[in-house]
Amino acid sequence: MINKIFATAQTALADVPDGATVMISGFGGAGMPSELIDGLIAQGATDLTVVNNNAGNGDSGLAALIAAGRVRKILCSFPRQVDSWHFDRLYRAGKLELELVPQGTLAERIRAAGAGVGGFFTPTAFGTRLAEGKETRNIDGRDYVLEYPIHADYALIKADRADRWGNLVYRKTARNFAPVMAAAARCTVVQVRETVELGALDPESIVTPGIFVQRVVRLTPMRKAA
Amino acid sequence: MNKFDRKQMAARVAQDIPEGAYVNLGIGLPTLVADYLPKGREIILHSENGVLGIGPRPAKGEEDADLINAGKEPVTLLTGGAFFHHADSFGMIRGRHLDFCVLGAFQVSAAGDLANWHTGAPEAIPAVGGAMDLAVGAKQVLVMMEHLTREGQSKLVERCSYPLTAARCVNRVYTDLAVIDVTPEGFCVIEMVEGLDLETLQRLSGVPLKYQPAARAA
Amino acid sequence: MINKIFATAQTALADVPDGATVMISGFGGAGMPSELIDGLIAQGATDLTVVNNNAGNGDSGLAALIAAGRVRKILCSFPRQVDSWHFDRLYRAGKLELELVPQGTLAERIRAAGAGVGGFFTPTAFGTRLAEGKETRNIDGRDYVLEYPIHADYALIKADRADRWGNLVYRKTARNFAPVMAAAARCTVVQVRETVELGALDPESIVTPGIFVQRVVRLTPMRKAA
Amino acid sequence: MNKFDRKQMAARVAQDIPEGAYVNLGIGLPTLVADYLPKGREIILHSENGVLGIGPRPAKGEEDADLINAGKEPVTLLTGGAFFHHADSFGMIRGRHLDFCVLGAFQVSAAGDLANWHTGAPEAIPAVGGAMDLAVGAKQVLVMMEHLTREGQSKLVERCSYPLTAARCVNRVYTDLAVIDVTPEGFCVIEMVEGLDLETLQRLSGVPLKYQPAARAA
């Protein structure tokens, strides 16, 4: 019997090695798998490359991972925020590498990895400093920049409900990057509010089919996500 | 002359958004436009974090941490709204499905180049978010900004000195002093605040301005 | 008030011009908008370029449009079937141009059009005659072919239910190409089994948001789709 | 010697599909594999027209025209199945998420090249469907075919004479005579039907065959 449900974050994250590329879902706090991140901090993996839209807010979640010195490099679209002090400090100290990617290009590069696309031409950032050094092309009168997929070793994502096959549904705008990240990682670990019986999720409404999910952990948020 | 305040600017932008339009309102000042959309006009607001049909701010105590806009403020969902993931959301943007986006700006050039993401200061931590995607993707890019910097310099420029967000993308600019179209011939003023004359606006702007009130298309 | 619901196929299709590129959803009969196609036949537009997975089955639906001589060119992955006699006859007579596209590349080219992607590298068809004359590239050790988006003037699709904003849900495998076609066309016309009140569709389960839909017609199938 | 019939071939392929695998069964002969998957092994079948979790054929009269497989045959959905659109479905394929696909073939070369979509006959109307996507996308490409053509020619070849579906993609071939792995050193027989010897198989095949029964990995 297929059963992707793990008892604890600890067991679900046990094999994350140093140096791994880890995607983390969420847009600010919405959809951020804070309890999985806490598990990753406890697990100890370091020298990580993190892919997220932001670079941490406040002192919890991704910010805590950064504050713990576990992140070598971050790919994101919007690091600088009023409460991104841990990122700001380490970045200014030269201890954290940043690859700044426009938000839509970030989403599409992640999607490309999951969909087996080797590269794609996007009009976004053409003629700007974020396209400097990149291949460009005019196609049918519009200018494009060539972008490549972002693959990951692990994706840590948050969903609302899951079944034992790993089928997922989300809640409101907490969906954001999770579905594309799930497909882009070799091993996708999901924290959910609730696990349900197989068949409890409507086949028409499953957003992430279990094929993209390797491990599911039910985790009750201990605190309001930052 | 009577400068428009933020609310008046927002109300002026709102006038130009027609029934049925799909619109993305940028973070900050543009978000204010939502409050001034004419009652009874159905307009569908998009947010790049995966939602169409954003409604008014929730009442105090009714906020839902899972229902936020791109500025990470709590919002509500209108009847008829829908959720989707980030790649689909930016497919909507990049694929030219949004009728309008409203963005803030540091500078807009006479060719319609937009600079709104980076001051160019070497010590600044850069952050771009969805600005570049919105600027290249929306059918109409509307900019909403103060006409002058705090130091009194015009934000309408011949060429942007700040790093570009996108080239040749802006269609119309709404400032606290005027409404200005970007045309193949450069800036064309279509409205000014009461008591302002073109000569004064021209002097403040420091970049050639045409004047054609009939050009107003809203 | 936004109301995308049209009373008849006739009014919803009135402006389709000769020479238009028309996407038609469906995989065989499942999801094929047969009644809209009948409307298009009655409307009279000709010299059409059609995008569909197949090239018509039997004598109804797309096969009837082909039989009526309205199609100049077809882009599809699988024209030849036991019951594709109308296509077969016109193709062999040199009266119908065929662009054969692998099914996944067809889906992705349509998706690219809707998502504003100017081109993409796919591993599919590399080293085969369907990639002859196409640009190729080795990226990270895998060989890819460069493919371009397919845009359309109209998409004729079938869904299960719609509201007046054009939000759509589908039924089972009848979903197939419809969601990507809806986004790739300048004007998307949908036939639905049922129109529902705004709010009747769950915002978490809407598959095609109304932004991709211009016109909705409720049409009761007159016959079993071929 | 006892040639495998179609059912025996399907049963033999089915043995090699482990619990939890995501599998696409090609149109025709490979579809038969579904009927021989060991009871109690949970295996999730994918069809390129947008479904995971295909179940058995429906009972007569219970067919649903909206629930079909890639061969356009009526199917059912298992508890736990899901529907999605065509671009997502081929994203699964191209993105290497399927553990196995099982395809028919005209020819397989010693390098693992697959020819299964076009006979090369100039008058033939070409049709490719999802074959090229499956061949490049699945983690393991299993081929299921008669060992010989009706004219007695081997379908295992040094180089494909038919137009390719994809190069260097086939991992294992199941015929009515043998199970053959494609290895860096060429074809390697791992099983033969009862009563067949390597010499005879070698003669029928007309292409170098190694023999290494221990290589069987299922």
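Points to keep in mind about this one:
To keep things simple, chains are lettered A, B, C and D as they appear, and every chain counts its residues starting from 1.
The criterion applied here is as follows: contacts are C-beta pairs under 8 Å (C-beta built on N, C-alpha and C of every residue); 3 or more make two chains touch, one makes a residue touch a chain.
Small disclaimer: the values here were computed from a predicted structure and weren't measured.
Here the chain-to-chain distance from chain B to chain D, counted in touching steps, is 2.
Chain C and chain D have Cα centroids lying 29 Å from one another.
Rounded to whole angstrom, the centroid-to-centroid distance between chain A and chain D, based on C-alpha atoms, equals 35 Å.
Each of residues 108, 111, 115-117, 122-123, 170-172, 203-204, 207 in chain C touches at least two other chains.
Contact of a single residue of chain D with at least two other chains is seen at positions 77, 83-84, 87, 90-91, 93-94, 137. By the document's touch criterion, interfaces exist between A-B, A-C, A-D, B-C, C-D.
On the side of chain B, the complex with chain A involves touching residues 47-51, 64-68, 72, 77, 83-87, 89-91, 93-94, 118, 124-133, 136-137, 163-167. Against chain B, in their complex, chain C makes its touches with residues 1-2, 111, 113-117, 163-165, 167, 183, 198-199, 201, 203-204, 206, 209-212. Contact residues of chain C toward chain D in the complex are 27-31, 53, 77-81, 87-88, 91-92, 98, 100-105, 107-108, 110-111, 122-130, 170-180, 207, 224-225. Chain D meets chain A in the complex at residues 19-20, 22, 42, 44, 46, 52-53, 77, 79-84, 87, 90-98, 137.
Interface residues of chain C facing chain A in the complex, by the touch rule stated above, are 108, 112, 115-123, 137, 139-140, 142, 144, 148, 169-172, 202-205, 207.
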